[in-house]
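Read from first to last, the chains carry the letters A, B, C, D, E and F; within each, the first residue is number 1.
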Amino acid sequence: MDQILSLAATNLLSPIILSFVLGVIAALARSDLSIPEAVAKGMSIYLLFAIGFKGGVSVASHGVDLTLALSLIAGMALSALLPLIAFSLLQIMTGLSRLDAAAVAAHYGSISIVTFVAATSVLQSSGIASEGYMVAVAAAMEAPAILSALWLISRGGSDARRMDGELMREIMLNGSIVLLVGAFFIGGITGADGLAKIESFIVSPFQGVLCLFLLDMGLVAGRGLRGGGQVMKPGVIAFGILMPLIGSVAGLGVGLLLGLSTGGVALFMVLSASASYIAVPAAMRVALPEANPSIYLTLSLGVTFPFNLTLGIPLYVAVASALTGG
Amino acid sequence: MQTHKAKRVEITIEAVMQSRLTDALKDAGVTGYTILPVLGGSGRSGEWSRAGQVSRAQGMAQVICIIQPERLDALLEGAFAVVERHIGVVTVTDCDVLRAERF
Amino acid sequence: MQTHKAKRVEITIEAVMQSRLTDALKDAGVTGYTILPVLGGSGRSGEWSRAGQVSRAQGMAQVICIIQPERLDALLEGAFAVVERHIGVVTVTDCDVLRAERF
Amino acid sequence: MQTHKAKRVEITIEAVMQSRLTDALKDAGVTGYTILPVLGGSGRSGEWSRAGQVSRAQGMAQVICIIQPERLDALLEGAFAVVERHIGVVTVTDCDVLRAERF
Amino acid sequence: MDQILSLAATNLLSPIILSFVLGVIAALARSDLSIPEAVAKGMSIYLLFAIGFKGGVSVASHGVDLTLALSLIAGMALSALLPLIAFSLLQIMTGLSRLDAAAVAAHYGSISIVTFVAATSVLQSSGIASEGYMVAVAAAMEAPAILSALWLISRGGSDARRMDGELMREIMLNGSIVLLVGAFFIGGITGADGLAKIESFIVSPFQGVLCLFLLDMGLVAGRGLRGGGQVMKPGVIAFGILMPLIGSVAGLGVGLLLGLSTGGVALFMVLSASASYIAVPAAMRVALPEANPSIYLTLSLGVTFPFNLTLGIPLYVAVASALTGG
Amino acid sequence: MDQILSLAATNLLSPIILSFVLGVIAALARSDLSIPEAVAKGMSIYLLFAIGFKGGVSVASHGVDLTLALSLIAGMALSALLPLIAFSLLQIMTGLSRLDAAAVAAHYGSISIVTFVAATSVLQSSGIASEGYMVAVAAAMEAPAILSALWLISRGGSDARRMDGELMREIMLNGSIVLLVGAFFIGGITGADGLAKIESFIVSPFQGVLCLFLLDMGLVAGRGLRGGGQVMKPGVIAFGILMPLIGSVAGLGVGLLLGLSTGGVALFMVLSASASYIAVPAAMRVALPEANPSIYLTLSLGVTFPFNLTLGIPLYVAVASALTGG
């Protein structure tokens, strides 16, 4: 318990979290502080490239094993199954329509890569190692949740065809996945030599870029909270905090079963606990345009993301440490 | 100068639907279109702005299409099939164009 | 397809006045608007371009508002109160809209 | 409110020709114009988008010019001399303007 | 005198100044060289974050004292009073209308953060220390000048209500102030530990980013000079050089009275001498739309900024050194 | 031969090339991965500034000599003459119209600065030195080819005036040239001292930025190949590979005649072999609007650029090493 609290305190007072808080405050105070869309997108490309590359380099030096394949499969299964739990929970806890509930559920099966990045940086400063291929697991968990959610809706019967080949292609080949997986392969192929060449670009400034990126996330989350406040009923908010806890327990079980390292288990918890706010919202606008975007965006970005960033990550890391004896 | 009557159709639509719309326009026999970026807006589904986004999910774009009047109906049918379930606005204005042989 | 008569109002205004304008439009009963970025321009107060700026002070934006004809006057009064002392241009065009129930 | 008849000319043109066009417009006695960015488009010379560029060579821009009706012909002559050999689209719409003394 | 000259020479031949000069030349020669708006805004966010953060870290390690509070108050007083001097001077030296004169005066009470940043980098390469909280003083000096200028106009009586709550909020919470102050607090809270984490982002590349940012400032200043040439009467230009000198003397007095270090005195001079070109122009467009923006933008960016950057800063540093025995 | 192969293999498996390949694959698979225009432009400004600055610093430390002036003149001559060879070749090998052939020819006389940058980074990792002023030669070679191409057309007689003063100014003062030459002078003036100040900005992260920039180039090249496929007849594609080889031989001869170092000869080959895709296309849209841009853009970016990047550069470096005994 002490460890959790001290980890939480260190985490809460890190420049990364404080930058996020600054963003939230600025947005709530209606400051005109804003980060240009192109710069935010540039930073996210940088973060994806760096995290993918480093994961690939780590796999190159540790070698590929069976656990890698099993982890990928387990991640996809989690992504596909978590929306079913989320959907039931939403029907119990909230008055959301089937459509809105399915759209929200899709977000919670999928993952938030920035939450993942923030967790790796907490692990790193705590000196806890993790499997490099967890970044590939992250990529594998992005899409299955969307299919689950659309299946939930089509089962409801209202109208059938929500998914077409074009949408499928868009989901599987969305920019973040391609960049993350591509950089992972580049890192895997070029290994430590490649990393040496671009280390002072993708390693040294990483934490600083993450600060500015989280400042922007804070601005967006704060604006969302300001605008989306009216749709945020107590039951919905409670779901946004309960669901990541449930997800993290599922991730914990899977991580322990696979026999991952402390860091690997913690990251599996983080991935399962986190909710998408990029790939899934875009897919939902195409496939379920009648679902209300304020609900899923505010919930994912305004409730679950801050919860995971501030309290969730230290909690998951502490639990993983305790249970793996790490 | 010699000008010709034409219709100017402006469709404000979600960015995620943009390629589906332009595909539909091409199917409806449109010979060209121009796409403008949109900074923000407000409507029944609330207010949004490009600054408030981490995802493509909320952005919009404006597709402008100049066509000969007799082709308007085919275009509107095609566009409507895409826009129907989605948020967005379609307006049609009378205009004159130079170089009508292009449309 | 079934279309309805409407008015398309386009207001080019300084970026610093944008939120004041959209607030005024909402007060005038407008149900929606779309904002386009402006790259540059020229007028009585000289030429400017987005590349020539370190500050928001000189940027402009274009606010487009589709409304039912009978509401035009209220909108123009509201807009004019904001635009009056400021540089900027207001134009009104006749147009046809799909899904008129939205406006 | 008191409005006046005017013409709204919208010229979609390659970015490399933009300053040549605005110079020609000024020579034709135009008192102002506004330039909007263009994200992409399609026409006889194929499809393009801003994302597909490393060079300024393919970008386009939209120049909007509000003028008094009697000046339309001079403007179109001037614009056409620039646009003639180049790709691009010119449309003219009737509109009403506030503060007509400005044009 | 020798010291001033050698400092001026070193300063003039630094990559930072030469980048600015390159920008001015390119703009005057009508090259199409330009830095995208989003990139320029991204760099300015970086500079504000870095300078604020470093100031906060420095305060965290040196502790808070009474001089900090006094410096903040003195800065605000200077910002409020300098416009009155500027306004009188403009009425004597130029034929500007009351409205234009008030608008220009507001710029000279407020500050230019890039001039401040350039000065800190000159101090640093000369090995002169300064108080970390000067960055907070900079933030405090942004807004009071605007209120003074509006008071000058309302006193003139033409029409009263120029200022409303909305504008007040916009001024106090404008993005630069919020970011600067926010980063200052983050730096203060996380201290040296926080700095260690993001040092290779906010310290090492700082000078280089400043070069590219000044290249852009040069482009903008050059374009302004090309376009705004006709409004730049000799009296107006003379004001643009005289006023920073007067401001610097005021800053010098205040800095000496407060008993600041050599660097602190120099920075007080720089702040008082510099003229705003971001926050104040935007406020003027809202509150005094009839004032001609070419006058105040060209004067602030095209005359005073280059003057301070090239000759002013070395002069202020030399004077501060001489008078504090630093 | 062994050396060529091993150099080619090292080159092909570097993060830089793999990033380019990732971009091409993503575009061909129609992923929505894209780098915002502003960010791409920002990176290109960074690369031009860094490469120009470093060239200037190197000249400052090695001194100016006659070979510099001769190299500039030789570069301009090559740029002016290569289009004539290219034009004849195009008339023999392809069915392109005179207009299209002249437009393409202009691209091959001029140069691609990113190819140059990639080559310098190969030289550097192979430990091969080169003359710092080659960056000035690169700038000098940008424009003459355009004049040659317009002369070819005017000789054809169709209609005379393609070139006016305005276009001339645009070509000579285009942003890339001004930035490259300007940074070269700044580097030359500030020398090693200046470099020390901004080294951790323009040297350390350079390779990493180049990776992301080449990712974008790959995306653009891939999109061009997808869209421009229909105009790419076999003869045209063959030209896109033969012409850089011919250009490199011309560059080789000139480099050997001038008595340059191994690296200098290799860079002369690279410049002559590379084809423009920024300055020349823009000039062609103004002067020869009837020429089809898909042909010259797809050829330059989709065929010649990838060829030089992957196979050309190692080949040119190996040949230069062999013939200079380097």
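The rule we apply is simple: a residue touches a chain if its C-beta (ideal position, glycine included) is under 8 Å from a C-beta of that chain, and two chains touch if they have at least 3 such contacts.
Source: prediction; values computed, not measured.
S.K.: Please state, in steps, how far chain B lies from chain A along the shortest route of touching chains.
M.R.: So the least number of steps between the two chains is 1.
S.K.: Trace the shortest chain of touching neighbours from chain A to chain D and give its length in steps.
M.R.: 2
S.K.: Need the most distant chain from chain C, centre defined as the mean of C-alpha atoms.
M.R.: Ranked by distance of C-alpha centres from chain C, the top chain is F.
S.K.: Select, from A-E and C-D, the pair of chains that is joined by more C-beta pairs in contact.
M.R.: A-E
S.K.: CA centre of chain C versus CA centre of chain F: separation in Å?
M.R.: 45
S.K.: Find the geometric centre of each of chain A and chain F from their Cα atoms only, then give the gap between the two centres in Å, rounded to an integer.
M.R.: 41
S.K.: Using the average of all C-alpha atoms in each chain as its centre, how far is it in Å between chain D and chain F?
M.R.: So the centre of chain D lies 34 Å away from the centre of chain F.
S.K.: Enumerate the residues of chain B that touch no fewer than two other chains.
M.R.: Touching at least two other chains: 36-37, 56, 93-94.
S.K.: Can you list every residue of chain F that touches 2 or more other chains, as numbers and ranges?
M.R.: Counting only residues that touch two or more other chains, chain F contributes 32, 34-39, 42, 200, 204-205.
S.K.: Spell out all pairs of chains that touch, sorted by label.
M.R.: A-B, A-E, A-F, B-C, B-D, C-D, C-E, D-F, E-F
S.K.: Touching residues of chain B toward chain A in the complex: what are they?
M.R.: The touching residues are 14, 16-17, 20, 45-47, 50-58, 85-87.
S.K.: In their shared complex, at which residues does chain D touch chain B?
M.R.: Interface residues on chain D, with respect to chain B: 12, 36-44, 49, 60, 62, 73, 76-77, 80, 83, 89-94.
S.K.: For chain F, which residues count as touching chain A in their complex?
M.R.: Answer in residue numbers: 13-15, 18-19, 22, 25-26, 29-39, 42, 125, 200, 204-209, 211-212, 215.
S.K.: So in the complex, the part of chain F that touches chain D is made up of which residues?
M.R.: Checking each residue of chain F against chain D gives 34-35, 37, 40, 44, 166, 216-217, 219-220, 223-224, 227, 277-279, 281-282, 284-286, 289-290, 292-294, 297, 301.
S.K.: Show me the residue ranges of chain E that touch chain A in the complex, using the header's touch definition.
M.R.: For this pair, the touching residues of chain E are 36-39, 41-42, 45-46, 49, 53, 169-170, 173-175, 178-179, 182-183, 185-186, 189-190, 194, 197-198, 200-202, 204-205.
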